[in-house]
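The two complexes that follow have subunit A in common; it is paired with subunit B in the first and with subunit C in the second.
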Partner chain A sequence: MTYYITTILVYLGIDVLAIWGLNVQYGLCGVYNFGFILFQASGAYTAAILTLGPSSGNGGYQSYFFGASLPFPLPILVAGVVAAIIGVIFGLLTRRVGEDYLAVLTFVLAVVAILVVSAAVSFLNGPAGLSSVPQPLTSVLHVSLIAYSWLYVVFVALVCLLAYFSLRLLARAPLGRVMRAVRENEKAAASVGKNVGGLRIFALAYGGALAGISGALLVLFISTWSPGSWEYAETLTAFSAIIVGGTGNLYGAALGAFVVQILIFELPRFLPQVSAANLVGSLQWIVIGVLTLGFMWWRPQGLLPERKRSYDISWPVRQRTVRPIGTTPAGGVEMERE
Partner chain B sequence: MTSGVGVDRKGQATRGGELVVEGLRREFGGTVAVDDLTFAVRPGEIVGLVGPNGAGKSTALAVIAGVLPASKGRVLFNGQQITGHLPHKLARAGLVRIPQISQEFGRLTTLENLCVAAPHQRGERFRSAWLPRRSWAGQEDAVIREAFELLERFNLAAKANDYAETLSGGQKRLLELARALMVKPSLLLLDEPMAGVNPRFMETVEDCLEEVRRSGVSLLIVEHRLDSVERLCDRVIVMAQGRVLAEGTMAELREMPPVVEAYLVG
Partner chain C sequence: MSILISAVGFGLVTAAVTALAAVGFTLQVGISNVFNFSYGAVMITGTYIGYAVNSAGGGLAAACLAGAAAGAVLSALANRLLFVRFIGRGVNRFGMLIVCLQFAVIVQNLLQAIAGDTFFTYNLSAEPPIGFLKSVDFILDPTQVTIIILAVVVIAGLTLLLEMTRLGRAMRATAGNSSLARACGIRTARIIDITWLISGGLCGLAGVIFGYSVGAFQSSSGTDFLTVVFAATMLGGLGRPLGAALGALVIGIAMSVLAVYIQSDMTQVAALGILILIILFRPRGLFGSAVSTKELAT
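Up next, the complex of A and B:
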């Protein structure tokens, strides 16, 4: 039971990190990245091949390119960098297209990627995927499985905390404001001198890095990763989490990750088997779909809506006498209503 | 209100708001929307661009602002060739277009709408995502002050902390105008600024446009309301079938039979 709890907590942290990544792209900047899961997958594969060691050294039961045994936490950091680079590539490929075409293009890129990885067996071991990925620092720590899993929970929580502070800085900075402006209206943002393409690339890279790190943390915990782990449906659940939790709100995204990824996908494991084996699995997807549609229809802002950023406008400038246009010099403000 | 002098990409001041359009052409498939269009806007001038529906006025504005590529011809802004430049680069150089349909940032507050438009903000650099607030706070305070001052002048101060999507049609037009001024433009291209504005509010919009001109900004206005055009514009260019049909003051244009026949009557 304890191991199950720690596993759930690790999953929650990893999901929150990934959803925050998507929140940077979609919630903050309005980038419809329907290939989002590719970023998490790229991080997972990167961390795996940078931990497994050379392909020739594992008895030949799995084949992959490169292969190294980098010390912890380098595989995780490199995973973030690789995912960020993929974000830049996505951004460059989709720089000149509108948001609807971007959604289709990113979706297609993710589907092509999974087909390539599955077909090119020597690349990342094909459909079988990579397994026996060593967990970090196990040879140094010498602790029980339960203790190790608790340590991993703490590590994931620390990574989430770092990401939280960084994302909070971003959201409060003028950079976050201009990203929200791009989300609201790309053309208007460009018309006031903002480089929409550059901001999109930044969002894809930053959000991608977070997703890549989440993938790395996941593969180093569960020790295995295959094309079955990153099918397009995973992207839909990530979008569902943001829509349910609250677009553009860090706490909302975290809450969405908990509701969708943990409550809907993990809690049913406790339910007794009452009918066909696949029923619960199918019902989960139906619930996700209904929940997403319901929120889009009745509460598009999500459970925790994005906070309005009001400014304190009570400094000296407020007290200056500035005659509003359309008023008489005597002073009466002509309030126009339509 | 604003300097009336634009800034280029390096933040250097540019001359104020001179626009020269030479032989501009824009085709959509086989349809020619703008054909050999030639005219100029002098610094500090308000020029009206009028004509019947389908004359190519809005297309011309979109091509000048870099929203649509030109099929032929060239555009000079402050003496520099800008044909084919992207809108955000033109805005940074001081040429800002306000489209016909309001394009406010709906889920940003009115004040934020203006703050976004301020150029050269340190807090907008990508590294600011990892830097503490104090690295950009000083400039941010100045931006907010400037934005609020503009809102006061445009009678929108009471709406500063309201979402822009809650403003009325006329208020949105004023917001877009104020937002454009935050860019510190030297030339504004306005596509039907009176469209969707309550008639009682039009005088306020006209006052704002006059105020903008007094601050040294040139304006090129596409507008169907000829009474507003007459009150505001120093010169009026009449377009028909993508070309310049006539040019002059409204009084002069009324005396020109081809203009009367093509546009002013009915």
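Up next, the complex of A and C:
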């Protein structure tokens, strides 16, 4: 039972991290990335091959390229970097297309990636995927399974906390403000000299890094990763989480991750089997679909809407007025700034 | 050489399925400016309906009619009850993608809940390949030949409808500029409904012959196939039915011929590679586009 709780907590942390990544891209900067799951997948694969050790060293039951066994925090960091690089590539590729094609293009890129990984078996072990990825630090810690899973919960929570502060900083910084401007009106932002393409690349890379780290944390916990784990439907679920929770709101995104990914997807897995497992699976997807459409219809701002930042307009701002030439100064004029 | 010729033959079958689907898809983009990601799910619904008819002992014609009818009704209803309303609420085009995809997921999983999570295969009567085709190494059976002829006839008929009839003119006018069309006395709402019925019928029909031409299918096969339909549509230029049919011909034969040289599961990658290149470098398609990228972007 405890193991269930810790597993769910780890999943929650990982999902929240991934949804925050998507929130940077979509909620903050308005990048329509339908290949989002690719970032999580790349992070997971990176972390897996960097902990599994050389491909030839495991009796040859799974094959992949490169392969190393780096010490603990490195695979996760490299996973973030790899996902960020993919984000930059996405950004450069999509620099020349409009918003709608961006969605289609990223969708297609994710589909192509899954096809390539499945077909090229020697690349990342094909459809079977990578398995028995060692959990980090197990040989050093010497603790029971339960204690270890609690430690992992704490670790994931710390990473989430770190991500939270960095995201809050970003949202309040001028950079975050410009990103919101791009989201609200790309052309207006471009017309005042903002580098829209560059900001998109930054959003894709930054959000991608978060998603990549979440994928790395996931694969190090569950030990396996295969093409079945990152079908395009997963991207759709991530968007559902943002729409239900609240676009552009950190707490909202986290709440959405909890409602969609945990309440609807993970919890039923631990319930006793009532009937055919696949029926439950189908019902989950239908519930998510109806929930998302319902939210888009009745509450498009989500459970926790983005707080519109505004400057306090009730406070009178003393401004220097431009004096017409030849008049005497009449003192400061109290003006209300809009 | 003979292997190439038979590859072209099979490519024609793939092209026929893709062409029917792509023509319907491009009609929908043209008339409603909705990039309908649920198209694959509607298509596979047609496949399932056709399968039901097929298992009950119905022939190709009955299965096609049933599948087309199901596709037509489902598409028109989805447009009326879902897409039009969400657009009316001011949901932007990206939001519409999510609406379409969620609708696709709902349809797909309903199918899976009803029919079960297994692969299905149509019962094909084992007829020998047609004699005159055998002599030129075309190893197609009568069903496949019928599929190709059916696709050609349907697309030709649709082209005539669009170019020659009042209804077709009204459809093109509505696709071009719906408010102007309305001002000219065209009942655009009705024309849009009719277009969705026709395109949905094409979609359902494509689903049935998809079922006949592939070995096995399941509820998610439609959305997987949709990416190939995208490729054909984009190649031909969005909103251009004939362009989509030509694009399908290119993609179908290219995939089939490539399968001779490269790993067969990489052929779809090749089709999608073409799609990516088209989006990046020729977003208006090889033959230009009725709906320009600029119009789409706004």
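One rule holds for everything that comes next: the second predicted complex is superposed on the first by the 303 of 338 C-alpha atoms of A that agree within 3 Å, B and C clash if a C-alpha of one lies under 4 Å from a C-alpha of the other, contacts with A are read in each partner's own complex, and residues count from 1 in each chain.
To be clear about the criterion, a residue touches a chain if its C-beta (ideal position, glycine included) is under 8 Å from a C-beta of that chain, and two chains touch if they have at least 3 such contacts.
Note that this is a predicted model, so its numbers are computed, not measured.
> Once the shared chain is lined up, is A:His142 touching subunit B (first), subunit C (second), both, or neither of them?
neither
> Where does A:Arg180 make contact in the superposed view: on subunit B (first), on subunit C (second), on both, or on neither?
After superposition on chain A, A:Arg180 lies in contact with subunit B alone.
> Examine A:Leu283 and indicate which partner it touches, taking first as subunit B and second as subunit C; both and neither are also allowed.
second
> One more residue to check, A:Lys308. First (subunit B), second (subunit C), both or neither?
first
> According to the stated criteria, A:Ala188 is in contact with first (subunit B), second (subunit C), both, or neither; which is it?
A:Ala188: touches subunit B, not subunit C.
> Could you pull out which subunit A residues touch subunit B in their complex?
166, 169-170, 172-178, 180-181, 184-185, 187-196, 202, 206, 306, 308-311, 313, 315, 317-318, 320, 322-327, 333-338
> Contact residues on subunit A for subunit C in the complex?
32, 34, 93, 96-101, 103-105, 108-109, 111-112, 115-116, 118-119, 233, 236, 239-240, 243, 278-279, 281-283, 285-286, 288-290, 292-293, 296-297, 300
> So in the complex, the part of subunit C that touches subunit A is made up of which residues?
Listed in rising order, the residues are 35, 82, 85-86, 89, 91, 93-95, 97-99, 101-103, 105-106, 108-110, 112-113, 116-117, 227, 230, 263, 265-266, 268-269, 272-273, 275-276, 279-280, 283, 293-294, 296-297.
> Residue numbers of subunit B touching subunit A in their complex, please.
That would be residues 65, 67, 86-89, 91-92, 96-99, 103-109, 111-113, 115-117, 119, 121-126, 128-133, 136, 140-141, 143-145, 148-149, 152-155, 157-158, 160-161, 163, 168-171, 179-180, 182-183, 198, 200-201, 203-204, 207-208, 211 of subunit B.
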